[in-house]
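Below you'll find the structure, written out as structure tokens, and then a few comments.
Order of writing sets the labels: A, B and C. Residues in every chain begin at 1.
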Amino acid sequence: MKANSPWVFLPLVGFVLLAVLLASGLGRDPQELPSALVGKPVPNFSLPSLMTDKTLTQDSLKGRWQLLNVWATWCPTCYVEHPFLLELAARGVAIAGLNYKDESDPARQYLAEHGNPFTHVIVDADGQLGLDLGVYGAPETFLINPEGEIVLRHAGDLNARVWQEKFVPLLEQDQQGGEA
Amino acid sequence: MTMILRIAFLLCVSLSAIAAPDIYQFDTPEQEQRFRVLLDELRCPKCQNQSLADSDAGIAQDMRTRVEAMIKEGKSNDEIVDYFVARYGDFVSYRPPVTPTTSILWLAPLLLLGSGAVVIVLLLRRASARVDESDEGSEDSDVNQRGDR
Amino acid sequence: MAAEIGHLSLWLALAAALCLSVFPLIGVHRNILALQWYARPLAWVQWLALTLSMVCLGYSFYINDFSVAYVANHSNSALPLAYRLSAIWGGHEGSLLLWGWMLGGWAAVVGVLSRSVPLHMVARVLSVMGMISVGFLLFMLLTSNPFDRVLPWFPLDGADLNPLLQDPGLIIHPPMLYMGYVGFSVAFAFAVAGLLAGNMDPAWARWARPWTTVAWSFLTVGIALGSWWAYYELGWGGWWFWDPVENASLLPWLAGTALIHSLAVTEKRNMFRAWTVLLAIIAFSLSLLGTFLVRSGVLTSVHAFANDPERGTFILVFLSVVAGGALTLFAFRSSALTNNKGFKPVSREAFLLGNNLILLTATFVVLVGTIAPLFFEAMDLKISIRSPYFNGFFVPLTLVLILLMVPGVFSNWKRQDGNGLLKRMALLAPAAIIAGWFGAQLPEPSPWQGVLAIMLALFLVFAHMDDVVRRARAYGQGFFTGLAKLGRGYWGMVMAHCGLAVLVAGITLVSFHEVERDIRMGPGDQAAIGDYVFTFDSMDRYDGPNFDATRGHFHVTHKGEPEAIMHPEKRTYHASGQIMTEAAIDAGFWRDLYVAMGEPLDDGHAWAVRIYFKPGIRWIWLGALIMALGGAVALSDKRYRRLRFATSEEGVSHES
């Protein structure tokens, strides 16, 4: 009667580990890219404003909690997202806009027609600021703290569910920290 | 002879006159080679199944233009990759970063190879001893064996 | 109506599969021959039911029945008939039906071609295959029914087959691939049957080997077709991307290759039995793993069928039952199989051990590289692993493998004279070195890695030529008589190994010598690569059956002489709006010329055109085809055609 060498269990153990690993991957979205800039300050920039003659820099994104929404007139999903942005703005959320690789006249017209939720809009005609922010499509929304650091990046349209699940907890966390 | 030379000259001139411009232009062939290699090693963050070389996405075009500019500025391959990793994360490079955590990627197969080799050596020793013990007479020990595997 | 019949037929197949899983095994356990006997007919019933389902689905496509959800999602009334039918396997549910149908087919064929195998073994093998069928049928019936209806509001026309799939490649690539995946289930079933039997008949390897070889050949063809298809269809001239789903097909192939070689040892010397059984379990488990990766949404891939965690969970459970069950059985029963005889360190057995180690390491590399991103994601680290990682291992592994193949082919079983071996190799080496060096100077001098690879590929080919000559002469009856006497198993090996050499040479050539240019071209413009001059003559538009196209007309000259006329296209498909790049390829034995239209510039007056010169790329697929043919030739060896074996006792049932 040959005794079993314990090594014969190795393949089974290996497989179990593999199965656990695979199970952990289920339900996660493999396409979602975390931002490489979380915890880092907004990159320096000096770009024109869409609505005024001023030049805007990274300082315009400091001083309070605000969103930075990347949008363009060529982006159909931005159109779908727009009403929710107006809703947020009406509730008092500060939203800055980044007009990404777009033309200014159609952009101004778009805001005139559909409403302007933005406190100010940065014109990024060649996409360089977008590149520096790690933007890879529109729409995207960044959450920026009063120190001008990026706390979160959401790629895709911003809607009530995403707002509630991703953004609100971070804002509440800061409020609680402030009160303590 | 002069006729042939004249035609050849005209052909050369006409070719260069209407030779179409490369979309990405470099000063040296080495630069162009580096460009091609880098494009294959960077991943499109939008069309995530494609490298920068293959993707038609807007962001990929922007990134390609940036790579071209950085090569001409004299940046090294590592600097260019680091530039994009700083903005898009490690995901954007097809070369995984080498850190203590990721080192398992390379250590694990090497470990397998090493331990496998050790196992084989032990097996060979035991098997060799068995031959000496039993000496059943070798099977098909010379080239006279037929083409039978 | 057809859809309902098809659906019902799936339930019928499930019933047959359940019976097949249970009754023959009871028959083996209780020594009831009649129950064992029923295994073959049950396999037929299962397959016939599955065939009916396939026919019904095909019919639904044929008549454009868009009330069937699957048809609505993958077809269109304007879709040409060939694609309407091959759309059966164009999506997740239908491709599962294809899997199930092939599994049923293989089981039926195993029943037919196993007359020389004792009944109790056949019963066990078919039972195991029945159990796997149960899994697939349940998967379909519970989560992925191809016959679901969209009622009462069904679309007037379908969403069309993905334009990427509207291509002859789709008609043949998945069926070939699945024949391979499914075929490994036979080796798996034999392995599990051997473990269940508790003692291994010496003929076990001879029974299992041809099934493994044919599955391997199909898988080789399937992978080669996938590579070729990606090359011309995806528009950017690549032939292998180390994409997770490509890797999923390579995993069972590598394990299967190791299995074929391990089976050779088991068949010849009745050794390494436990290891061979383990490899068989691993190979098929990797097939199932591939199915999981493609359908679970766990990894990003151009191929991913379905991103559905529910389906992913089902397959994972199924995979766990199959692989986990088999590996547990292995852990408890494998000691009964060990039968290790002796062999010397320099012997064919030793070199085959080396072969297995290299191939297993390669399999492990592919597995790690594919699954690791999941592992790191759990640590919030998102990384990408592609060619730099894989090639970093594969290049040295392949070269070492080739170096081992030569002495492996030369060596005798059990013991080989080491000095004789070295002398033989030393005689051939200079020829390979010189020829390889010269070969590697074309079309341009290669870097040392390329030179080394070509030298090794030639070494492999010369070694086999030398071996053929020696063995033919060894009969002592003249060269040609001896040649005719060499067994087909031997010729199969020679072909397969030389096919690998051709493949390696092709990869080396194209990797080191391909040239790519991105050029802005309008009508009248020219561009050159080496001695080839490409002229963009004109552009026009035309309407296809289900798309609009803009087509460019190029002519190419080589050193002034006309070489090719090429018509790359940009198509917009009506139903989906998707834009496809149809590259123009001038194929040649020595080189491909490849022209693709990228983006329109200047409002469509000019285009960003991509032009490639790819030397030796066809050798990659040619090499793979030769390998697969080698497998087919080996199968026709006369020892598989003998109907009776002396070793197994007929009609006596062994206790398990």
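Criterion: a residue touches a chain if its C-beta (ideal position, glycine included) is under 8 Å from a C-beta of that chain, and two chains touch if they have at least 3 such contacts.
A quick note: this is a predicted structure, and the numbers were derived from the prediction, not measured.
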item	value
From chain A, the most remote chain by mean C-alpha position	C
Chain pair with the higher count of C-beta pairs in contact (A-B, A-C)	A-C
For chain B paired with chain C, centre-to-centre distance based on mean C-alpha positions, whole Å	23
Inter-chain centre distance, chain A versus chain C - centres from mean C-alpha coordinates, in Å	41
Inter-centroid spacing, chain B versus chain A (mean Cα positions, whole Å)	33
Where chain A touches two or more other chains, by residue	31, 33-34
Two or more partner chains touched - positions in chain B	48, 89, 91
Sites on chain C at which at least two other chains make contact	300, 382
Residues of chain B defined as touching chain A within the complex	45-46, 48, 57-59, 62-63, 66, 85-89, 91
Chain A residues touching chain C - in the complex, by the definition given at the top	2-5, 8-9, 11-12, 15-16, 18-19, 21-31, 33-34
In the complex with chain B, residue positions of chain A that touch it	31, 33-37, 101, 127, 130-137
Chain B-facing residues of chain C, complex	234-236, 238, 243, 264, 268-269, 300-302, 340-345, 349-350, 353-354, 357, 360-361, 364-365, 368-369, 372, 376, 379, 381-389, 393, 412-415, 470-472, 474-475, 485-487, 489-491, 493, 516-522, 524-528, 533, 536, 598-599, 608-609
Residues of chain B that touch chain C when the two form their complex	15, 18-24, 36, 40-41, 43, 48-51, 53-54, 56, 89-97, 101-102, 104-105, 108-109, 112-113, 116-117, 120, 123-124, 126-134, 136, 138-149
